[in-house]
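All chains are identified by letter, namely A, B, C and D, in their written order; residue positions are counted from 1 within each chain.
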Amino acid sequence: MAAAARRGRQRELGKAGWGWTALVAVVSIIYFFPVLWIILTAFKTRTDALAIPPKLFFTPTLDNFIGVFYRASISAGGAQETNFPLYFFNSIFIAGTSVLLALIVGTLAAYAFSRHPLRGNDTYLFIILTTRMMPPIVVIIPIFLMFRLSGLAGSYWGIILLYTAFNIPFSVWLVKSFFDELNPEIEDAARMDGATERQVFFGMCLPQILAGLAATFVFGLILTWNEFLFALLLTGVDTRTVPVAMARTLGGEVGVDYGLLAAIVTLFLIPIFFVTFLLQNQLLRGVTFGTVKR
Amino acid sequence: MAVVSAQQVTGERSAGGFWAWLMAPERRGPLLVTPALLVLFVMNIFPLLWSFGLSFFNYRANRQTVPTFEGLQFYQRVLTDENVWERFQTTAIIVGSSVLVQLIVGFLLALMFARSFPLRRILLMLVLTPMMLSFVSVGVFFKLYYEPTFGLVSWALNHFMDERFVLLATPAGAIAGIVFADAWMWSPFVMLLVLAGLVSVPKYLYEAAEIDRASWWRRFSTITFPYIKSLLLLAVLFRTIETFKLFDIVYIITEGGPGSATETIAVYVYRQAFQFFRTSQSAALAYIILFVVIVLTNLYLYAVQRREQEVT
Amino acid sequence: MTIELLQLTKQFGKLTAVDRIDLKIGEGEVLCLLGPSGCGKTTTLRMIAGLEFASDGEIRLGDVRVNELAARERNVAMTFQFYALYPSLTVAENLAYPLHAEALSAGEIARRVDQIARILQLGPVLKRRPGQLAEGEKQRVAVGRSIIRDAVCFLFDEPLSRLDVQLRETMRGEIKAVLEGLNKPTVIVTHDQLEALTMADRIAVMRDGRIEQVASPHEIFARPANLFVAGFIGTPQMNLLPVKLVDRTTDGVRFALGEATVILPVNGATSALRPSAALTIGVRPRAFDLAAQPAPDTIAARVDIIEPMGAETLLHLLAGEHELRVVVDRRTRPAIGSTVHLRCKPNQLHLFGTDEQRLDLRTVPAGVPA
Amino acid sequence: MMLRPRTTAWSQALLSGAFLLGLSAGGAYAADITITMAAPDWPPTRFMKEEFDKSYKSPDGHTTKLDMDFIPWPSFYERVAASLTSGEQKYQMIVTDSQWLGSFVEGGYYMDLTELMKADPELTAIMKDLHPVLVSAYSTYPHKTRQQLEEAGEWPAADTHYYGFPQFPDTYVTYYRKDLFCHEGEAKAFQEKYSRKLPCSYEDWQDVDWTDWKNIGEFFQRAKGAPLGDGTADDDFYGIAYQAGKGYDFSTMAVNAFIWQYGGGIWDETQAPTGQAEGVVNSDIAVKAFDHYLSMLPLMPPVAKTGQMDIFVVQDLFMQGKVAAIIDWVGLGEPVLDPKTSTVSDKSAFGPAPGLRKEDGKIDRTGNIGGQPFVLTTWNSDEVVKEALNVVKWWLNPETQKKFVANGGQSGLRSVMADPEYDGLRPWNRAHKEMLDWQRDVWHIPEFFELLTQQQEEFDKAITGQISGKEALDAVAKFQQQTLEDAGKIE
């Protein structure tokens, strides 16, 4: 009878219970462990971080987080501000502006590709995708030379324009997939009712894909603000971003400052983690550039 | 209706001038696409053409000498350079094994998350996190985990071994170390793709298979696999193209060592371009890489189209 | 082999989808589960199949309780609403699919596939894939796949719902013919009463997880057990008029319908009813005659809408505030707004009590005083 | 915090301006000058910035701001190279590794200061006071050896161009654990086993050669749980470690020392275009020296097997108490003394790096100079150049230099090193001063990075046991010969 009762609680296909949760939890936590260790390291002193056997329990310290913003001066006491807030601002400003620009420009193009196909539509789309898939080293050399001649090197506009180009293919493909999903009959109906093209675009289409636009924006942001190579070579003293500044933890008077790096990683991870959690359902679309809908 | 639109058209025409010409319906598509293509042209395509030109000249960014025309010499030099082929081979091995591991791990993870169960969203987040880290931090911390004296992995494995576990001492070990880190970071991506495939399988097919008493394997091979087949191909191509760019993780974990055992083509081009300032040679090499990427992209789009045909 | 459901219950969280139903499907019997969407008919079917598990009660196949068995262990065959053909396999492979679990030889499999293909006329498409088939062919493959093996019972989930009207008629006949040769208990889920009435040996009408009536198609139509069944079965829908009993006359019973009264030829159970009891009278649209003159046994109604239906014409009438549907011969053409007088045909009246259950009544034979 | 330097600068400007108006005959005028300096992000440069803000007064009465662009060390070269070659002309001064001189002088980015030095008696005095090793390594391009400069006898030497000044001169020294090396029981056991004294004092370390070093490596190799000093080893413990890393120059710096000590050579740029690579780089002596270097790696912590035991790993191993003695840069000494980063902060002492004992019994400690000079760039106005040189004079003023040394820096001025206080300012100073005299430098030509990268790669193969020392040096020689012939550096 007990066995019968147990089997009687069998699940339907595709559904699982707490037993499955426990299994997945074990696997997930093992998978997450390297990240967890980074987060723990953020609260460790250097000695604790390098201790063997590894310390799972330790006296946590906030020194690493303080170290992100302040550091001791060499000759006398007192802390000096690091430029981290500026770098953080730069990261957000540069990534934010360029992703926004790419989104605007990309949405217009995506609308055209979806609703007013050009001759050779697929070819254009292919070229656009290719530019995104190229290893950055392919373009970095000429871009570098171009910046050198045009004087864009080290300026906000240079790097913003570059990141905009970097994000356009992504925006076009992703937003196009959102437009493709809309029913064009509704737009035709609106035209019948006398709406102008502008009204159709702003009044009918955009509101329907607002969530998709938001998702595209956030994905662009995530992809952009971890970028290192272009930022290292093309930003200047005042336009440096966090990933470049992060390299300061990789060597200097000691080797890698694991605690400080972990603290920056943790601080950097929080907003992305939060946003991704909210946009989990859109994520799938994001990582595949909208080529896979479901 | 026809009357109304005719009036509109004539209304626009009568306004006349360049603006009206520009806003004509047949020009709508090109007009909307222009800004995007313009930016791409300026920041991507133009530099590409430029470097294409450079690849025929002897030019070094850190010299003041006037470049001389060399024709196809750099292409010849790159294509006949043993080092380049060795780097391509290394890249192929790393890309191949990493993508394979990503496929297997990503697939298993996807199977795990394909069901609905309590706390699914939160656990899924844990698995997705590695993808959000920067390459630099993944590289740095995996290097630390592998370190024979201070490393977590080494420490754990030393309990089961007589000798000290030293992963990065041999070419095979170093490749394994890089592949492990890269696969860890990107398996969630494959998982998302496979998950998309699994979700798109209609549930009634599984029910039918249940009624038809199909074995696990038959169910997998006749239902699950056909549905995710092209998606897996997609994942392979996407990851292959991305792994081609593998730079930071390699540069940090092994610096291409031991010897040149893990020096990928991306690291090699970087050295050529930014450490040796062999600008033209690196441009020529970059073009060869670009060619490979274009071929892969074509395959990728072919896979995407196949999937669209199959699902609809 | 029989299927037996005892107090079968299914709960999804707080929602009770199937509520303590009892049902027995005999050997070779075809039972239709009929009801509006969301009534629990599909859930019941899926519980029999083993795709859902019962919350309570019992399912017996033959003498065996199968509640705890998974679908694969029950040896049932099922045809799905969306056919559930395996898209990557050919028709032949699809048909052979269930046979792989039975460890048959390749030759035996081929023989059976051929046999089924012959029965269902699938021979020319055996090599195609589902994506290349017409709807009707897909449907036949789905049926073929379920009958190809020796299952203990057959289950059909809305088998004809995706076909167009013409195809539906043909397929109804074909399926019926196939089922007759099988002599297995069969359950068909449908929301289409025509399907149920034509294919079933018995029909179980369901509503809100309960069975309202189980009976033969004729019985269901002729003697609906309650208001719901009465309203659900038959097109156009039966007229259901709330009335009050006034008194009895020699010609029948006088009812108050709104402000008017009408004498209807009923007897029997009404003797138990007190005057002024609230009742519902059911009259099918075809159970009216048009009278030339108003009489005590006629209902006056104003013509509102006229719908020609080919051989017949459907009149929408208003009797006071009550809507009436009446089917008349197409030659009868009253003017819109004119008043007609309706007389109920004898023996075709249904009377339901305040509890909505059928009051079994006898009609007064014409001219015979009660 | 951000405001402080500005207010100071303002008050300075007001003060000095008033002063000048009162005293000078006129003609001088005060301007706002900002000098942007590319600098690696670490204490020696951060001290320079802090000290500048505190004590710099422009002798010309300018309001001068030193705007240091602190760039993380690991990407410093790439960043500076990118900035220079991109033509953004961002920096007025640059801290640079000595090896980069050729690349950026020939690119036209670093300013030739010879004439200005000659014209300015203060600068001349500084150049004369600088240790000749540093003038040779940090300032000359095309490179002149110390010997060549000394043979010239005068300053400036004929046909010599000068570019840089020491920002932080660095040498490698021995870091060791007092608690182990001065432990009676250990000393006794060592004496019994090797019939040599276990070095404890500075003077003892002056007598340590590579054989002793190897013995120390053997002697202090202890398994986890074995007795060590007064306690037991809490993890596997090792005797010695020196750099053997694939990155940048993290094995070349040590290997060069061995080769020079044995009397071998690297390709000599001062002999171009007649000096050869093949036959020199892979000479029997060089192979012997390299093999000697390799032979001690098995005694070192297991990370040595991976070819990743770079200068920071070595430092970490020492700080975390995994190794008894290491050879590392003076510039990495400060964290060892800091209890926040080091578990051996109270147990560390410093001595000269070991060397090769020659037939006469003397020890040859020739090593490869580390540290960085700083230079001026070519696109500055005369006014900025003048002020930048004022900054140079301020920095190489003995008073500033002494403060620098007291805060963990190093000075290249012989007068500062001769100061009786000097040895006591930091615990490694005596060793540094002794080692400095032994230093030479690797190449300075524009192709240095190619040579270095290929050499590091081959060395790494040898370090990880994939090929022999000879095979590595043969490959290096072949590559260098080819590359240098292509570049016209070898005829």
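Some points to look at:
Going forward, a residue touches a chain if its C-beta (ideal position, glycine included) is under 8 Å from a C-beta of that chain, and two chains touch if they have at least 3 such contacts.
Since the structure is predicted, the reported quantities are computational estimates derived from the model, not experimental observations.
Hopping across touching chains, the smallest step count from chain C to chain D is 2. Between the chains A-B lie more C-beta contact pairs than between any other two chains. Using the mean of the Cα atoms as each chain's centre, the chain most removed from chain D is C. Centre to centre, using the average C-alpha position, chain B and chain C are separated by 57 Å. One inter-chain figure worth recording: chain A and chain B are separated by 15 Å, centre to centre, where each centre is the mean of the chain's CA atoms. Note on chain placement: the centre of chain B and the centre of chain D lie 41 Å apart, centres being C-alpha means.
Among the residues of chain C, those touching two or more other chains are numbered 51, 70.
Residues of chain B found to touch two or more other chains are 61, 149-150, 207, 210, 274. Within chain A, the positions touching two or more other chains are listed as 13, 50, 52, 144, 233, 246-247, 250, 256.
Listed in rising order, the residues of chain B touching chain A in the complex are 1, 4, 25, 28-33, 35-37, 39-40, 42-48, 50-51, 54, 61, 109, 112-121, 123-130, 132-137, 140-142, 144-145, 149-150, 152, 155, 184, 189, 192-193, 195-196, 199-200, 203, 206-207, 210, 231, 234, 238, 241, 244-245, 247-248, 266, 269-270, 273-274, 279, 282-283, 286-287, 289-290, 293-294, 296-298, 301, 304, 307. Remark: chain B residues 202, 204-205, 207-215, 218, 222-223, 226, 310 touch chain C in the complex.
Against chain B, in their complex, chain D makes its touches with residues 77-78, 81-82, 84-85, 103-104, 106-108, 235-236, 246-247, 301-303, 305-308, 313, 316-317, 320, 322, 446-447, 449-450, 453, 457-458, 460-461, 463-467.
The touching residues of chain D, counted against chain A in their complex, run 1-2, 36, 40-43, 46-47, 50-51, 54, 67, 69-70, 72-75, 78-79, 82-83, 85-88, 90, 235, 310, 312-313, 315-316, 319-320, 331-332, 334-335, 340-343, 403, 407-408.
Those residues of chain A that touch chain D in the complex are listed here as 45-47, 50-52, 73-76, 80-81, 144, 147-149, 151, 153-154, 232-234, 236-237, 244-256.
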